[in-house]
C-alpha cells in the first residue's frame, strides 16, 4: 500500500536541553509566562493570543465547564465506581457524551453564523431563509431554545457583554442576534438564544477554527468531570445511581 | 438490593433564571470574572483561588499540555482518521493513555512527598530510606529520570522558580529536593528530577487533592490533543502512521 | 424538566434464584445450550436463531475479527503500553476506531441494498441509478473497492458461498451482485465487492437490524483486539511503534 | 531515544489474494469452517481448539453477556443518547466499566486458583491460608459472595456441570471447590461461589492466559451492550435515566 508522502508536524520538537512548542521555548517563554487559556490559544493558532481572545475563551471555557448531573457526569461517575484505579477511563467515558445531541448544536450554530456572514444576498435575507426553512421542517434551530431556562437563558447576554467589553469585532454576535430576530418572527414566539449559541458566536469572534469548536467543549468538560470524580471519591453516588435506575426501568415482555 | 442513603452533590444547581456552581452565581460571579484556571480551582476546592494557586496551576497545565508525537497523540490521530465525525472519540482515545506508565509517576511521586512530609522519624531519614529501598529493588523512583533530557530536565527548575516567585510555602518542593539528594547518593550518580516530579510537588504546594492529581494531567492533555486533531484535519498523518507501523512490524511464525 | 413516561426493558430480569434473558432461563436454557453466536442472535432478535442465521453470523464474525496491524490495533497497543493495568481501556480505545472511515461503509452498503430491494421502479433501475450517481460525483460506492486485494477481495465469494449453502433467501446477495454489475458498467472497469460489502449483504439476509450493523463489527473486533493485547503483553511493540512514528514525522515550521 | 529491536507479530499477514490469520488461510480454512468462539480460541492460542475448549468458552461467554441494567449498560445508553451517530462510542463507554470493581474479581479469583494449584505445601493448606487471611483482614474473597443470589448463585453449578460434561481435567474447578469449603469454614457461614468465580475456574481449565481473562469479559459484554443499544434506539431510556438521577441526587451546601 502506498503510504503517501511523509506528513510533517508543526507543533513541538525537543533537543537534549530544550523543548519547543509552536516555535517557542517551553521553559523560557511559556511556563510561568502564559496562562493555560493563553497556551491553548497559542497551541491552536500558532500566534500569541490577544487580550481579547484570551478573555473571550476564558468566558467560554468557564461557561461550558459545569452543568450539574448531566448524562456525561452520570457515565463518568458509574465508570469511576467500576474502575476507580483508572481515573482517565471515567473522564474519557463522560467525554464520549460530548456529541451531536448536546454540544453538536454548537458546531451547527457556528455553521449557520458562517453561512449568514458569507451569504452573497446579504445577512438578513439568509437569516430569514434559515429561520423559515427550519420552521417549515419543524426543526429546532441550532443554538436556540432551552428546556429549563425560559424565556431566556441567562448565560447568553453575559457572554455577549464580556465579548463586547473585551473588544471583539462583533460580526458573529450580530449575525446571531439577527438570526434570533428572524427565528422569533418565523416561529411566532420568542425562543431564547441558548449558551451553545452564545459560545458558538464567541468562538467565531476569536477565530477558533470550525473543525475544533467541539474540542473547546471537550477541554472545558474534562475539567468539570474531574470535579465530579473528586466528589464521587468522597461521597460515592455510583451504587445509588445504579440501583435507582435499575428500580425505575421495569421489565416488560412486550418488545 | 439496598441502594443505600441518597448521596448529595455540592457542585451545581439551577433554577429557571439562575445557575449556581459551588454556590456562586455562574452568570454574575464566574463568567467573565474568573479565568478557566481559576474556575478549575474553584470547582475542585470550593474556595476562591489565591493568586499563588492560580499561577502555579497555570504553570503545571502549560507544562503538561504538549509533548509532540506521544503514544496518546498517535492514538488520537489514528482514531480521528477512523471516525472524523466524532472528534470527542479521538480525544477520549488519547486520554485513555494518561495511565500508570507515564502520568502515573506523578501520582507516585506525590505519594512519596506526602510520605516524607508526614514521617514521624523526620523527612531526611525517610527520604534516604525511600531512595535506598528503590535502589535495592532496582526500581526507578517516581518523578526521577528522563530518557532524553540528560543530565537535567529543563522544565523542573523553571517550575520551582515560578512556584517560589508565586509565594508557595515550599515544603513539597523542599521534600522533593531532599529526595533528589538522597536518590543521587543511593544510586551513585545524578538522576534528574523530571517534569512529572516537579509538577507533583507544585500540585502538593497548592493543595490539589491526591485523588485527582492524574485528573490535572487529563485536563491539560485534552487541550494538547485538540491541537493535534486540528493539525490532523489539515495535514492528515493517520494513513502514513498506519502504513509506516504496518511495514515496520514484520510477520513471524515464531510466537 | 419532564422526564417522560418510564421506559421499560425487555432484555433481562432476575429473582433470588433465577436469571432470565429475553424470557429464557439463563441457567436452564442458555448456558451450555447455546453457542455465543446463538446467544448474540437470541439477545438481538428475541427469537431462537435458525441454523442458517447462526452459520451466517459466525462467518461474518470470523471474517471481521482480524486484519493485522490496523489503526485500531495500533491505538490498542499504545494504550495498553500506557495503562497496562486497565486492559479494558486499550480495547475501548481501539473500538473507537470502528467508525465511518472503515466500518461505516458496511452500514452504507446495507442502506444501498435496502434501497435497491424496496425501489418501486424495480431493483435494476435503482442499482443503475446508484452506480451512475456515484460515478458522476466521483464518490466510491460503499462496499466496493480495496487498496490491496485486486482485482478481487477473496473473502466475498466465500461469504456468498457459505450463506447460500446455509440456505439464505438470497435477495440481499442478489441486490449486491446487481449493484456490482452496474458499478462495473458505470465506472468502466471492474471494482471488487469488498468484505464490508459482502458482510453487509449477509447481515441483511439474516435480519440483523440496520441500527446495529456497526455493532456486529464492534463485537468481532473486540475479540481481535484482545488477541493483540495478548501478543503485546508478551512481545511489547508499543515503545517501538511510538519511536518509529516519532522519527518518521518530521518537524516543520511551515503550518 | 533507542526504540529497541523491531518486534514481530505472529497474528496476521496478507498478500494480494490471500489473508492468513495465525498461519491459516482465512478464506479456505476459517470463514464458514470455524464458529466465532472457535476463531477466538484459535486467535488467542494459535492452536485449533478442542471441542472441550469450545463448549467451555461458549458457556462462559453466554454467562457473562447480559446482566440487565448494570453501570456499564447505563453508561452505554446515556452516551448513545448523547452521540447516536457514533455507536462504537457508546459501547466503548460501557466497556470502560469492565474494571476492578466487578470483573476484576474474575482475575483475582483466577490468581487465587493458580496459587492453590502451584502451592508447594499442597492445595488444601494453601486454600485454608487464603481463606483465613481474608477473614482476618475482613476482605471479601474474589469469586465469592453475591448481593442478590443467596444462598447460592445459580450459574455456578451449571458452569461446573457443563465443563465436566465437556471433559475438562477439573483441577481448577477442584481448587475452587476446595477454596469454597475453606471459605465457609473460616467465615463461619456459607458464602456462595459466584459466577465470576465459576467463570474464572472454567477459563483456567481451558488454558486462557491470565493476562487476558478480563478480555474474555470484554468480548462477551460488548455483545450484551450492543443489545442494549438496539433497545435504546427503539425505546429510548436515556432522557428518563438522566432526569431520574438528577432528581434523586439532591443539592447540598455541605461538602
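Structural remarks
Chains: A, B, C and D, in written order; residue numbering restarts at 1 for each.
Everything below uses one rule, namely that a residue touches a chain if its C-beta (ideal position, glycine included) is under 8 Å from a C-beta of that chain, and two chains touch if they have at least 3 such contacts.
Nothing here was measured: the structure is a model prediction, and the numbers come from that model.
Chains that count as touching both subunit A and subunit D, per the definition above, are B, C. The interface holding more C-beta pairs in contact, when C-D is weighed against B-D, is C-D.
Set against the C-alpha centre of subunit A, every other chain centre is closer than that of D. In this assembly, the C-alpha centroid of subunit C lies 23 Å from the C-alpha centroid of subunit D. Remark: subunit B and subunit D have CA centroids separated by 31 Å (rounded to whole angstrom). Residues of subunit A in contact with two or more other chains: 1, 6-10, 12-13, 68-69, 83, 85-86, 88-89, 92-93, 96-99, 148, 237, 240, 242, 244, 246, 248-249.
For subunit C in complex with subunit A, the residues that touch the partner chain are 1, 6-10, 12-13, 23, 46, 83, 85-86, 88-89, 92, 147-148, 248-255. Interface residues of subunit A facing subunit B in the complex, by the touch rule stated above, are 1-14, 16-19, 21, 26-28, 30-32, 34-37, 39-40, 43-44, 55, 57-59, 61-63, 65-69, 86-89, 91-93, 95-99, 103, 148-150, 152, 154-155, 158-159, 161-162, 165, 209, 211-212, 214-216, 218-220, 222-224, 226-231, 233-237, 239-240, 242-244, 246-247.
If you check the complex, the residues on subunit C that touch subunit B are 68-72, 74-75, 78-79, 81-86, 89-90, 92-93, 96-102, 237-238, 240-242, 244-246, 248-249.
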